[in-house]
Amino acid sequence: MQFSEYFILVFFLFLGAFIAACAIIIGKLLGFASKDTKNKFAPYECGMETYGNARIQFKVGYYLFALLFLIFDIEVLFLFPILTQFKMIMAGNTALNPVIVFANLTIFVTVLTFGLAYAWKKGILKWE
Amino acid sequence: MGIMNAVPGILDPIPGGKHLVNMLDYVTNWARANSLWPLTYGTSCCAIEMMSSSMARYDIARFGSEVFRASPRQADLFIIAGTITEKMAPALQMLWEQIPGPKYAIAMGACTISGGPFMYDNYSVIRGANTLIPVDVFIPGCPPRPEALFHGLLTLRDKILSETFRDPWKEGIVIDKPYPDRWSEATKAWEELEKIKDEEMAEARLKFKEEQPGYKSPYKALRVAKEVFPEIPHQPKPLIGLPANTIFSIIKKNFPSVSPFDNDPSEPALMARPSDMPLDVLVSKEEYVDLIQFLKEDPRTHLDYLIDVTAVDWIGHFDVITQLMSIEKGHKLFIRLSLPKDDSIPEENRATSLLAAMPSIYHLYPAAEWKEREVFDMFGIHFENHPDERRLFVDEDFKGYPLRKDFTHPHILKRPV
Amino acid sequence: MFPLELTDIFFYIVASMILVTAIFTIIVKNVLRSAIFLIFSFVATAIFYLMLHAEFIAIAQVMVYAGGVVIFVVFTILLTSHLGESTLAIKIPRTFVAGLLSVSFVFVMWRFLLQDLSLSTALPAASADYASLESIALRLLSIESEGFVISFELISVLLLVTLICSITVARKTRDKK
Amino acid sequence: MKQPEIPISPSKYIKRYLKRCITGPISLLMGLSVTLRYFFNPKRIITEQYPENKKTLKMHPRYRGCLELIEDENDENLCTACGLCEKACPNASINILKTKNIAGKKVLGQYLFHLGSCTQCGLCIEACPFGAIRMNQEFELSSESVDSFDLILNKKEGRG
Amino acid sequence: MSSRKLPPGFREEVLDSDTEEYFVNMGPQHPSTHGALRLALRLDGETIVEVVPHFGYIHRGIEKQAESMNYLQYIMLSDRQDYLTAIQNNWGICLAFEKGLGIGVPERGEFIRVMLAELGRIASHLVFYACFGGDLGGQTALLFGFKEREMIHDILDEVTGSRLTTNFFRPGGSVHDIPDTFIPRVTSFLEHLEKSMVDYERFLSKNIIVLERTKGIGILSKEDAIAYGCSGPVLRASGVSYDVRKNDPYGIYDQLDFDVPITYRGDTYDRYVVRIAEIHESIKILRQCIKLFPEGPYRSKEKPSIRLNPGSYYSATETAKGLYATYVVAASGDKPYRIHTRGPSFANLAALNNMARGHKISDLVSILSTIDPVIPEIDR
Amino acid sequence: MMIPSVPHPLGDWVRQMIPIPELAFLANALICIIAICAVAIGSAPILIYMERKVCAHIQCRLGPMRLGYRGTLQTIADVMKLLFKEVYAPSGADKFVFYLAPMIVLVAPFLVLAMIPFDHNLQVSNLSVGIPFVIAVNGFGILAILIGGWASNNKYSLLGALRSGAQMISYEISFALVLLFVVMVSGSASLMEITLSQSGTILDWWIFKIPVLGFLAFIMFFISSIAELNRAPFDIAEAEQELTGGYHTEYNGTAFAMFYLAEYINLITISSLASTCFLGGFFPPLIGVEAVDTILLKVPGFLWFAGKVVLMIWAYMMVRWTFVRPRVDQLMALEWKFLLPFNLLLLALGAVYIAF
């Protein structure tokens, strides 16, 4: 069954986390602690005391890139199943018409490329 | 607290456990001693030699220590490279505390052992890093060669290899005693010894004198013949830009009260001034800014470049010297302002209070901002209209102004010779 | 009759994982932590999809939700304010309404789904490879009646609209400066 | 200060963009060619292996290491305890402890040298009129304690 | 917004921004602040709004200490100001003392000085190359720069007896004559350096990432450069041709043929270009010196104790960083009444805020590395 | 019913020996886990040693020399020392998230490693959706860096985390698009089938098979994978010269070691992916001459695979130690203005190539 292919991956899903957890616990146990002082736990900022909160608000520009990523991520996701079959379709091994498929795909990609070009032109792709 | 510290207690009673502990000892120490990741910390000359030692020629990577970590959280070894000042000390201690254990420190160079060249007559340098943090290995030298640093690393390695679980690594205790004045201590101790020796020897010497009344030592120290060199007089370079008398006549025309400082104002005397000694004019406080503005804007002088603003404390008054230059023409002019000290301040506060005030020329030369701050910081001269008058080099709560002649500071140790 | 097959045990483990992480997502007060629990929940859901042989949906779940949306959410949390560290103030009336809603939702679920016991033994409506990569690809492009070619093209338009909207919003904030 | 960007025409933008696409990779390959040449040429390695090359490692004759008294085979030194080096030293690293010999003459008792504060400037050697001191080629001086840096350089009292 | 208390040093200016400004420390322990410099940054996102340097973390009171030392001993302290160009600092100090003593230097002594100083300049610029590459993120450039520098320091080690803190020049000449091996060693070194410089320039100068990172970054206009009192390569990169060796010659620089490299844009890349060109000029000077190297005494008559005639003396030299001026006030006795040195880094760093404003943190690092400051020289 | 597909003699042998399928499955799973752990954790110190030696030789020096033969034991000592280092979280940190980040960072590399076909019958799990799975799982790495940087309560960490978050999500697009190109030309998303589609001579590898386009795709993959790996020259997340340590500034001891480990396992996985997708996987570089080919075929496939992986890793190292680091905005511009349009163009050209 196909399922078993994935089932072993579940083990691997936890493998990395398990190894890291073990390592941290080993480190906690074996480590030779130095004296606990206030400065020891202070955030490191080149040996100076920090000014203000470390968790600061950032620019909205970062957020836009996350959105762009999401959009293209979805595009990639939709292209994946189609492109796996692309060779077959073009060879005419399926029920689909190669020309229509090609046209469809072209429209799909072109629309998104247009979006990218629009963003570029509007100067949004500049990181600030 | 790691469980490893409890290992000997658990394993020792078991037969053969001691060997196991020894083995563990060896393995942990081996790992620690051979994988020392230093913190990138360097303040002065020694830092350059520390960098050199990590470069191709010497290559600290051979010891596995090329992994210089910028964050103390991942470092093991604190190479204190360079002078530590009182302002730096808290930061240094903080960095040391932030290094997770087991951690080691190497004091590199004379400054970190004893203050080195800045040991005596100095108000700001910490005499020895081991007054701040526990130091494992000291490397003398100013700065030590990269090879010397490696020798220090090897010394540290031997020290780490000799650690055991029974006597585990622990954060050393800071020696809470400043670096002693070793010179004076040794002299004092020697004098006492001499006294005893004199007493003991008195008889023998008397006897010796009686036995050989006309004794003369057969030994005569020979002076080393020094090479003889010819006497060569100083030859000033040819003059650049406007000559002193021309500049002075330009000034004189507009500001009649200005006079040359250490020269008589007559033309031949000004002409005779050595060409490499710029004209030095004395100006009153009221005319100071106007004169500088005039000289900056006048196309003949065009003194557009501020070399420096500095001061001299002549016990009774301050001299503030503004050194100006013309970039295109090349002539220089020193403008001297004699500031009398404010006598209204009571004697006990004089050392810690501002004694004079003068106008700032920040609006004419942005470069003056920090230079005037330096004069403020070192002499306690207030600059009117200065945008940001804070202490520049010393701490905000530092008492006194170091470059005044009457400055005293509890930290200063007088040079005994 | 308690299922004893390994698959079933596995199913219950995953289901409880989803439940627990989902609950944690809600009750944890730190927003960033709830985002992390949300990821666990998404991943566990993806395992569910795999168990249903819907590999593509599972991949989509991980790629878009766990890898995309949650990172987007984490970014938003980090960027917008101090939300990341301050705790959310929970207002009583709102909690009350939310509780009421969830209780009624559970009731409806129980009433309409679990009442019909035949559901648990019902055969899946779709064929075995209905959700496989190949069949999805072919149906996405098919212009037949069960094809989704129009929706497929609409997606690209939808994404474009999203893009343009976000650009407009971003430009507005930039122009304001 | 960051200069405001001058807007340029699209055609110029595209031209510049394409130019960068071509020149950029070429310049990167040039850099890569340097590292590749260095990587495949072990002759360029200049590393000195310090603790292993101790035997061949020689400092230059003028190298200023640790101060030492010039002594003959009988451990007799040339120092007359005149104290000029002491005065010349910028930070009192030299401590000449004088004593009286049996004839009552002032001679060198101990030549105490504080290595921990020595800056190896060499002023003491220039100051010495008798050529009694020099700086040796020693550089392996590190130690675990500060006290070991107080060196007594002479083995015997001074002559005279 | 403006009622908020700012950390010391920042100017009150309300920024019209929808995001929050925040303050980050760089230094005193930071890999790219070149020592114990502390920069307090005011950031808006990653963009720098204001940079406030804080000094004094390596303030060692050299000027105060000088008042209780004699003149010769002070030369030792000048090594420790700008330790990368220690030999040039020695020269600057000695020039001022020579004026006060009224003595000169024989020709051979002048040639020794020029040659060692130019070697020191190359060494300092190689450190700049190394740090510049390193600060841009290319660790290999860091190692490359130091590789050739080691050879220079080996030569200096042989001549002066110390690698870094040379303490070699004295009023009237130098401590020793040069050893016989010096000239052949320098000759072969120059050949080697020229070959290596081809590689090193190929490695960084045309690299597109370096160009993108440095061109148009940290522009310092000609007017600002003069107003802030910048000197050395920083000033020359902004289009001002001022080099003390040319415009106010000392030593035998007026007899030597060399050019002052100068560029006009004043950005980070230009400062890099100027320094690389200066290495080539120094090679040219060294070649001439080897050709002209005279026989004769290497120093003038030694005085038993150095006492300057009362008065004030000023000398200016061009170290690798720029205008290094010494101002000595002598009263009676063998100790200076006051010595003040004008370090080039201090003035050059004053322009940092002007250059870095509006750029990113990464640019600040590269701007700082092209100012090439040495902090002990600033703090003294 | 539940038997892991370990198409390997060992797996079959285990299945024969243990009659209960569930137990056989678990035994096989255990074997897989041990094997992958050995590959991943065992090769990390070797790679670190290699990295140190490669960079040393570029920089005209020797690198580690004193521990073992030419410093071979150096990284072992480093690992052991890190085990004995103290682990602590700074006071302002969110401890749960702080320690969770190093756990999450290791999830992705191990999962991807399970998909890599090391040889004909050396693959833990052969998924039909292999490539999308790799892309999906890669997102966890970003997440770990983001939350790790946030949890540290340090300004440098947060800056580094946000930078690297933005960088990695951006480059993930072109990373995915290049892999999409491979999927398109090979007609399958399974890593094993992609490898098998390259059987034949060296000219059948995807890097050469499609003239020019294949090579361009490989270069694109190389660039975007460097960014995905967060390695120099695209290591703006760490950027020692600017942010001291970036997102892992506050991490110490073993927690820090996990980030380090993940970096090197990621290096292996990405290099494996490159050799699988472009360099013919475990196939030897046959040149069509029979005399040579028979010799080449005698070498086991996994050795060829390892050789290709090492070659790729060496290339990554050469690049790392050669170039300087672009600024963060230039990095983003490179992705959005250069790589992404070119990738889309590449995809279109590839489609045309296949269609006609």
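Going by the order they are written in, the chains are A, B, C, D, E and F; count residues from 1 in each one.
As a convention for this text, a residue touches a chain if its C-beta (ideal position, glycine included) is under 8 Å from a C-beta of that chain, and two chains touch if they have at least 3 such contacts.
Note that the coordinates shown come from a computational prediction; the quantities given were computed from them, not determined experimentally.
> With one step meaning two chains touch, work out the least steps from subunit C to subunit D.
2
> A-B or E-F: which has the larger count of contacting C-beta pairs?
E-F
> Find the most central chain, measuring centrality by the gap between its CA centroid and the centroid of all protein CA atoms shown.
Centroid comparison flags E as closest.
> If you take the mean of the Cα atoms for each chain, which one ends up farthest from subunit F?
Relative to subunit F, the chain whose C-alpha centre sits farthest away is B.
> Which chain maximises the distance between its CA centroid and that of subunit E?
Measuring from the centre of subunit E, the most distant chain centre belongs to C.
> How many angstrom between the C-alpha centroids of subunit D and subunit B?
Taking the average C-alpha coordinate of subunit B and of subunit D, the gap between them is 18 Å.
> Could you work out how far the Cα centre of subunit B sits from that of subunit F, in whole Å?
Each chain's C-alpha centroid was found; their separation is 50 Å.
> Once you find the CA centre of subunit A and the CA centre of subunit D, what distance in Å lies between them?
Result: the chain centres lie 52 Å from each other.
> So which stretches of subunit D touch two or more other chains?
28, 31, 34-35, 45-47, 49, 90, 119-121
> What parts of subunit A, by residue number, touch at least two of the other chains?
As it turns out, subunit A has residues touching two or more other chains at 2-3, 6-7, 13, 30-34, 40, 42, 44-48, 50, 53, 55-62, 66, 68-69, 73, 77, 80, 84-85, 105, 109, 119, 128.
> Counting only residues that touch at least 2 other chains, which ones in subunit E make the list?
18, 22, 24, 28-31, 46, 69, 76-77, 140, 143, 147, 150, 165, 204, 207, 209
> Which subunit F residues qualify as touching subunit C in the complex?
Interface residues on the subunit F side: 1-2, 22, 94, 96-97, 100, 127-129, 132-133, 135-140, 142-143, 146-147, 150, 158, 161-162, 165, 169, 189.
> Subunit B touches which residues of subunit D in the complex?
Touching subunit B from subunit D are residues 45-51, 57, 66, 78, 80, 83, 86-87, 89-93, 95, 97, 99-100, 102-105, 109-110, 112, 114-121, 128-131, 139-146, 149-150, 159-160.
> What residues of subunit C sit close enough to touch subunit F in their complex?
Going through subunit C, the ones touching subunit F are 6-7, 30, 32-33, 36, 39, 55-56, 59, 62-63, 66-68, 70-71, 74-75, 78-79, 84-85, 132-133.
> Which bits of subunit E are touching subunit F when the two form their complex?
Listed in rising order, the residues are 22, 24, 30-32, 46, 133-141, 143-144, 147, 204, 207, 209-210, 212-213, 360-363, 365.
> State the interface residues of subunit F toward subunit A in the complex, per the touch definition above.
1-5, 25, 28-29, 32-33, 36-37, 41, 82-92, 99, 102-111, 113-114, 124-129, 131-132, 135, 150, 152-158, 162, 165-166, 169-170, 172-173, 176-177, 180, 183-189, 244, 249-250, 253-255, 257-258, 328-329, 331-333, 336-337, 340-341, 344, 347-348, 351, 354-355
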